[in-house]
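In the two complexes that follow, chain A is the common piece, with chain B as its partner first and chain C second.
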Partner chain A sequence: MVLAVEAKRLSVGYEELEELLWAVRGVSFEVREGEAFCIVGESGSGKSTVASAIAGILPPHAVTEGELRVGGRLVVKGNERDYEGVRGHLVTYVPQSPGASLNPYLEIGDQFYYVLNNLYGLSRKEAREKARTYLEMAGLDPGAVLDRYPHELSGGMLQRAAIALALSTGAKILVADEPTSSLDAHLRLQIVQLLKRLRSEVGLTLIFITHDMLLAGVLSERIAVMYAGHLVEVGPTKEVLRKPLHPYTSMLIECVPVLGVKRPLKAYAGEPPNLSEAGRGCPFYDRCPFRLEACASEIPPVKEVGESYYVACWLY
Partner chain B sequence: MAEGLRALRRRYVEVLRDVSLSVSRGERVAVIGESGSGKTTLLKVVLGLLRPMKGEVVVLGHRIYEIPERERWKVTRRIGYVPQDPFRALNPRLKVADIIAEPLSRLNLSESEKEERVRAAVKMVQLHESVLDYYPSRLSGGMMQRALIARAVVHEPELLLLDEPTSALDVSTQAQVISLLNAIQEKLNCAMVTVTHDLAAAQYLADRAVILHKGVVVEEGSFSEIVRNPKSDHARVLLASYTLGVSEGPLAPLGAT
Partner chain C sequence: MNASRARFNSAVGFLDLARRAWKRSARLRVGAFLVGVVVFMAVLGPHVAPHPSDGWGVVPRNAAERAGKPPCPEFPFGTDNLGRDVLSRVLVGARLALVQITLVVSVSLALGLLVGVCAAYYKGPVEALLNYVAEVFLALPALVVALALRLALGQGLHIVVASLILSWWPWYARSSYIYARAVVEMEYVLLARLAGVPARTVLFRHVLANVAPPVLVQAITDLGSVLLEASAINFLGIGLPPDAPDWGVIVQNGFRYIVSMPWVSMFPGAFILITALGFSLVGDSLREELDPKMRRRWKLWF
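Let's look at the complex of A and B:
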């Protein structure tokens, strides 16, 4: 089994004024080559930070611990990071809101040129040819977008262009950070279908970050659920959705409104803890209806409960 | 040059066309539309902020656009309004207590009565009283939305207008806010109009749905009717984008329970 990503007790923190805030706290997981892997969590869960760590775009003030391998290359070891030859070559990234990420002063064709020239020294003409191929693959008419500026395109077109740009690098590990959350419902589905298709066409490893369990269910083979910087459950998507083990996972599934299904929405009172106020025990302690004595004082260890199925909860 | 000048001449864009909608007291209605459908414009018209070019608007029994603008507040103060995007809708320079008390300013209440009303509203939205002394920047997204809801209901409105009340929130916070809004609506027995792009969340906030598409009402009825038998092409596309995920995905069995 070839691993696309392997994290071992990875922690990522940000230096804020005098404090060091840990957004990701000792997560370990593996993503297999060719797999569709979803990281699900709410704001502040650390999911986007994990995405940035994999894609090699952590800000300079980030602090890391543990190990991270991407495409077999050790990119994070303790507080040392080296993404040379990995970022853009082995791993690529689709941002949450392409409107804010694409350079507003560059036509779409030029956005490709700057990326491809930087990575592979392609000329304008070569880059344009490549852009055509990938834009078409992403379901856009190259002639209609190559000479346009980002503001001239709709949200759905921009996201397709951003995906094409990410793929044009040739990297086979694609990290997509909530690529659909700024889109209207019908566009959301189109983008998800596009990613599914591209995955098999290009042979991508897809790492998809979302807060939407439904979307994760449609898209992925395995799911990782994060809460307050911790990985609380990792397992095969079907099993996790059918019979979630961690109380937080089950809440995440049952608090999503499903059209045409009338059932009470389940949400335990409270909100995720602040990054600065991490307790000693389980991060979900305050909201958990099943909490035990051990939960208050000790962070539950990650336990293997099935084939490539892990949960961090004292109930198991 | 002349070309350029001509382009600058004012053009009217029809945002809403021939929209008829009536909501009775105690009723919960959702107006569903995607970006650009005109749903926020519709709320502004009802709030007395935007005079329609044609047609009639009756709010709480009054033709509000026939009332002079300076007098209009006498009707519109009986409306509660939760604007879009809690992260940008709170005045960063006011404490939460003063933000929530704003709708009371025209009500001739003593300071102590005001304070009591604000406390009651904060309790209703399940915020801790200590947040009254905070500035908005100290609140989480969910707390901001609760503060906005407190402001919208502090004067016990007869009509509650909600613009995307849950779309900026996390899913678990969304579920909490939905149940909170329904409890408040029941307590005040007010009419509640929710404007949203999220059809699935809307079914929890309304008994009746109106689907807007490019400024036109394309669908109206109960959620079950619309889901079972959509009449317009737009509604069919919209439904597919929700139900395809459900019918293909492993979540389908949940529907049976």
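Let's look at the complex of A and C:
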């Protein structure tokens, strides 16, 4: 089996003044080629950092540990990172808010030109041609979009343009960091359907970051749940959503309202631990309703509980 | 393709900004008219002046009979104590006024933008050093610098221009630094850097392009203030020599006879006022267009 992404005890931290904050703490996971893989978690759980690490856009002040392979190439080993020939060629990225990621002074056509020129040395004309095909693929009218500035497009159009721009690089692994977080509900669904369609059309490996369990359920084949920098549960989406094993996953699922169904929504008290305070035990200890004695003193090891189904909890 | 370009290009560039402001603001149109008059004078002045040699400061041969005439059909602005036609002097002076302010503002703008953007982009020691240098220059008043340069280098245009540049560029460095601080943190800058785009290209394509418009608008407003400051330096006799065709110098020439021949100082003074007013009206309305939050609640009569 070919692996698109393989992380082995990957940690990523950020240097803030004299302090070092570990946003991702020793996560291991695999993403198969052609798979739709979702990473869910609340804000600050480190899911965006994992996305940046895969896409190769960690800021220069980031610190890494462990190993990460993207498309079979070793890109992170210890604190050394080498994304040459991977970033933009094998893996590409759809930003969280395209409004902030596209230069407001460049027309959409020019955004394509600079990216494609930088990667493949295409001329302005060739880049335009390529942009046309991909914009069309993303469901936009190229004639109406190419000569516009980002602020002239709506959020949904911008996100489609950003997806087209990401695809135009020809990379087969697409990392989408909450691409729907700034969109209306019906636009959100459109974008998800677009990504689904593109996945089968182009043969993409899709790594989708979100905090929305519903979207994750609709889109993905496998799901990974992150909490405070740890990966607490990784497994096939259907099984995880139907019968979550980790208490945190069940909490995430129980607080999703279902339209037309009256059921008590549960929210567990408390907040995720502060990342600068390295606790000794399970990161979910403070909020967990099923905590055991072992939870306080030791971080639970990752256990295989089914076929490519892992959970990190002392309960199992 | 060109048709669609023209239709959709309603965006954020400086020219578009000016076009939108033109439609909306009467103040911009008044300001542009005043500026237009002065530019027109500067271009045609020396050619249409009724007494060109008077304009350049040469004392006419029949000085005694022409001296100190109040405004009349032959000399619409009157004549000064040496019999020179004030209208001609003002017309010829327009060119020098515009040369001074465009030189000062364009050089300080280029220098300030470059320093500010570099300071924000290269963080750490470079940032500290550039900001420190800008602050040192910020503390220098133009008049004092002009005085020092006058003693070292003698009279001339270079004194006015150099002293004003030295005291104006840090303002642009300061404001472009502040805007650039926000821009360098944008994702497109980080992504471009990670993609291996050379620093120079990132600076110009991404940072400078996004920082320039508000600073440019500030610079247009400043054209008026620079004229006031330059005229002050010339009025005090630190800059241009006594008979130069400059409005500040002419005001100074008439100042000694302000009671007996007020027109000599009045007319060039009025043109200084008109030019400064024109530029600040233009700059003000452009700034409002750029940032609607700064729009005033009250309105002038135009």
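Everything that follows uses one rule, which is that the second predicted complex is superposed on the first by the 316 of 316 C-alpha atoms of A that agree within 3 Å, B and C clash if a C-alpha of one lies under 4 Å from a C-alpha of the other, contacts with A are read in each partner's own complex, and residues count from 1 in each chain.
Convention: a contact is a pair of C-beta atoms (placed from the backbone, for glycine too) under 8 Å apart; a residue touches a chain by one contact, two chains touch by 3 or more.
Just so we're clear, the structure is a prediction, and the values are computed from it rather than from any experiment.
Enquirer: On chain A, which partner's contacts cover more residues, chain B's or chain C's?
Expert: Greater contact footprint in residues on chain A: B.
Enquirer: Which partner does A:R280 contact after superposing on A: first (chain B), second (chain C), both, neither?
Expert: Neither partner.
Enquirer: Going by the contact rule set out at the top, does A:T237 touch chain B (first), chain C (second), both, or neither?
Expert: So A:T237 only meets chain B here.
Enquirer: Contact-wise, after the overlay, does A:R188 reach chain B, chain C, both or neither (first, second, both, neither)?
Expert: So A:R188 only meets chain B here.
Enquirer: Does chain B (first) or chain C (second) touch A:Y149, or do both, or does neither?
Expert: It touches chain C, and chain B stays clear.
Enquirer: According to the stated criteria, A:K125 is in contact with first (chain B), second (chain C), both, or neither; which is it?
Expert: neither
Enquirer: Which partner does A:N103 contact after superposing on A: first (chain B), second (chain C), both, neither?
Expert: Second partner only.
Enquirer: Flag every residue of chain A that touches chain C in the complex, lowest number first.
Expert: That would be residues 56-57, 59-60, 83, 87-88, 95, 100-106, 114-115, 118-119, 143-144, 147-149, 151-152 of chain A.
Enquirer: Once bound in the complex, which stretches of chain B touch chain A?
Expert: Counting only chain B, the residues touching chain A are 34-35, 126, 140-143, 170-176, 178-179, 197-201, 203-204, 223-224, 227, 237-246, 248-251, 253-255, 257.
Enquirer: Which residues of chain C touch chain A in their complex?
Expert: 1, 4-5, 8-13, 186-188, 190-197, 205-206, 209-210
Enquirer: Which residues of chain A touch chain B once you look at their complex with the stated criterion?
Expert: Per the touch definition, chain A meets chain B at residues 42-43, 155, 184-186, 188-189, 192, 211-215, 217-218, 237-238, 241-242, 251-263, 265-269, 271.
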